[in-house]
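Each remark here refers to the structure printed beneath this line.
A, B and C label the chains in the order they appear, each numbered from 1.
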């Protein structure tokens, strides 16, 4: 064919606006800035939210006018809606930025090296910030996370395998119950462990009971994510395993689960992220100790959320700084978990 | 190709069809594609297609799968640009004006160049009647005599007698063929100059296909119809002009176009002949 | 062959095919099935244990446990019973739970729907992934963080907006206040809860909207629809029940939230319908508030309150799940 010798034009995207068409838009942006400034300056809209609201009003008016002028009434309506939807979406992002900023600014003030190497055994939350730390809480949180993971991951993955591989009787009911369980308030999980194990039995608070409460909250997250992951495994893979004469047990253990390995790890990490910051259930089960305690079945055990709680309800300037520093540590932990889960998730797809 | 049709029979079908005299009515100057190219990302899928669609004619686009004919038809009413990686070059002129020129309102272009899709897709939340008039609502057009318009469109789409007693039923209650004719009626309500049809019968049974073909023949008296089809019998039966597309390891190109009877009885290009005689594809 | 002949042929009886699983598979299935039962067992155990512990109080108070506004534990500090009889009623707290959760839904759901529409249909491809990540990250924030941030950062602006609402809309009874005390009000707690439910409602709305069949979207565009008319005619009708389900899921979350509400809200035992006034409560924060110093009897009352909260959120969640799964299935 002679096509190779022909010179083709370059790919174009004529539906993209050209520089010349954007001039009214640039002018519009200028008008928006001026209008926002005027509204903030001369009316009651004060503060960050006031400025944001003024900007939304100005942007909506200007974009509506521009679209209406060049393309008529329905284009104007379309532009107005687009600008409102975009503004509301931006509003939804606001808290994240504010929260991250606040935690970073206020949290770093309470940090010092000893914060990670000492516990509160000999210090009070109202002491100066160079005394005491949250070592006990970090250790406690890790111990409880490990125990909760050891309980909920096998149960959660069994549930997912039952739903996707065995598809036995009651699958729909079980899926429905897992979904319902994910909505159980965290305080109910703590209250349940208290009522079933601790209340009236003479048994005291300890880390194991806290871990059990956390496992209840972690289970539905693990089960649901694992189910989604297993559903992504192609059907032919299962059939190939069975067609080779393998039993279902061997097919699942040697074909399906290895294929979904990174996804199942993601499920576990998401489950951990779900419980790492839980406070309410620990208030009823762990007792929240101030000293480092490595034994989950004997004596009260501290945790980062509980340490924050204690500092929070104390109310002094020092305890407040301590609360922010602890939450910075907690947030860092949660974000590490979150980003590693995302990374694994991306690699899978 | 599964249908093993003798070339002579196709040619005779096309010859019988050629008695029609297209373009009797002045309906504007029609639609013209001027060296249209299309890309998805770096992938050059369509190269240098120039084709005129005279007003009031039916043009069939034929060719094996993946030859770019569906991409081509989607560049004609700017549905192509919905794929994020899509790009194009060239011009598409409607009544002499480039529809890709900057400042052109794309929604108005799509009102003038309607489209019927492969799978019937009536809006499930609307009744049959509402479906027919949905275009008015979507484009926010004013229309005084809605009842009349609804009836007219359904009559033209050949569906009126079947649904006149149940206009309040939901679109999903119709059969596949009826749904497709409902979609045609829906396109007619906004009174387009050109109607694009992307394999409108491929999901239908032979009986429904024949009904739709009748509808297309009737529509061509008042508008320009461009239809993508895999069914060469269909192309021979209903079209005035036929264009043959082929990809063959290169970007899809238009190999040959001309009056349908000529393409089927006396193709100039060897590849066209091979395709219409069923030797490949 | 004629029709009559055809009828005379007797259809063969279908064979019953049985698969006899190997022993290893039997064990495997039994183990997995046991694991899968865990959710059923745990949910049942929660209801049973909280019910057992709370039974005494529930039986004594009867319906007034739900309708009564008074919570008074008559135990002296030395453990002996006080003179007045104890009264346990969570009515005021139930009202508070519903009011704060409804405020959260009223503010959070429209924002979530807009965010979901933006992410699915408006956001430029280059930043869509990043923005989805930001929303998802927000879902992973611990609730105590929202409480702390809500109390320290959001409260001042919340108060400012509350005063503005009161000034211009004070003639509506809902926005009236009997004393000008705007701090720590149900409105502000509702704001915090709204922010907390935005991630989950947004992600469900996004999931539901993304199931809208592409051919319907294209059909609308091919009829000359603008983006907005397309969304109104195709996306919103399709996603309606799913979004309602997502909103209910958010409602359930907001009802069960403990630490954030406890931190922000000024807990007062009265039914307060003036949402801008700094007084209110919810069942979960009642439990936290009373648990520390509760007598054995009051603990039982708290268990009963926990049971009510559990049942309430369970019902809301189940309804929500039914609505969401219906839409998502319809799209597939």
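Assume a contact is a pair of C-beta atoms (placed from the backbone, for glycine too) under 8 Å apart; a residue touches a chain by one contact, two chains touch by 3 or more.
Keep in mind the model is a prediction, meaning the values are calculated, not measured.
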| item | value |
| --- | --- |
| Length of the shortest touching-chain route, chain B through to chain C | 1 |
| Pair with more cross-chain C-beta pairs in contact, given A-B and A-C | A-C |
| Averaged-CA centre spacing for the pair chain B and chain A, given as whole angstrom | 48 |
| Chain centre separation (chain A, chain C; CA means) in Å | 17 |
| For chain C, residues that touch 2 or more chains besides their own | 226, 229 |
| Shared interface positions of chain A, touching two or more other chains | 74-75, 77 |
| Two or more partner chains touched - positions in chain B | 107, 139-140 |
| Complex contacts: residues of chain B adjacent to chain A | 35, 37, 39, 44, 47-48, 78, 81, 86-90, 100-103, 105-107, 139-140, 248, 250-251, 253 |
| Interfacial residue positions of chain A with respect to chain B in the complex | 1, 3, 6, 8-15, 17-18, 20-21, 70-75, 77 |
| Chain A-touching residues of chain C, taken from the complex the two chains share | 21-22, 24-25, 27-29, 31-40, 42-43, 45-46, 49-50, 52-53, 110-112, 114-115, 117-119, 122-123, 131, 133-138, 140-149, 152-154, 157, 160-161, 164, 195, 198, 202, 226-229, 249, 252-253, 255-259, 263, 284, 287-288, 291, 296, 299, 302-303, 306, 309-310, 313-314, 316-318, 320-321, 325 |
| Contact footprint of chain C on chain B as seen in their complex | 77, 79, 82, 84, 107-108, 110-111, 114-115, 117, 119, 121, 123-125, 134-135, 137-140, 183, 186-187, 190 |
| Chain C to chain B touching residues, read off their complex | 125, 213, 215-216, 218-226, 229-230, 233-234, 237-238 |
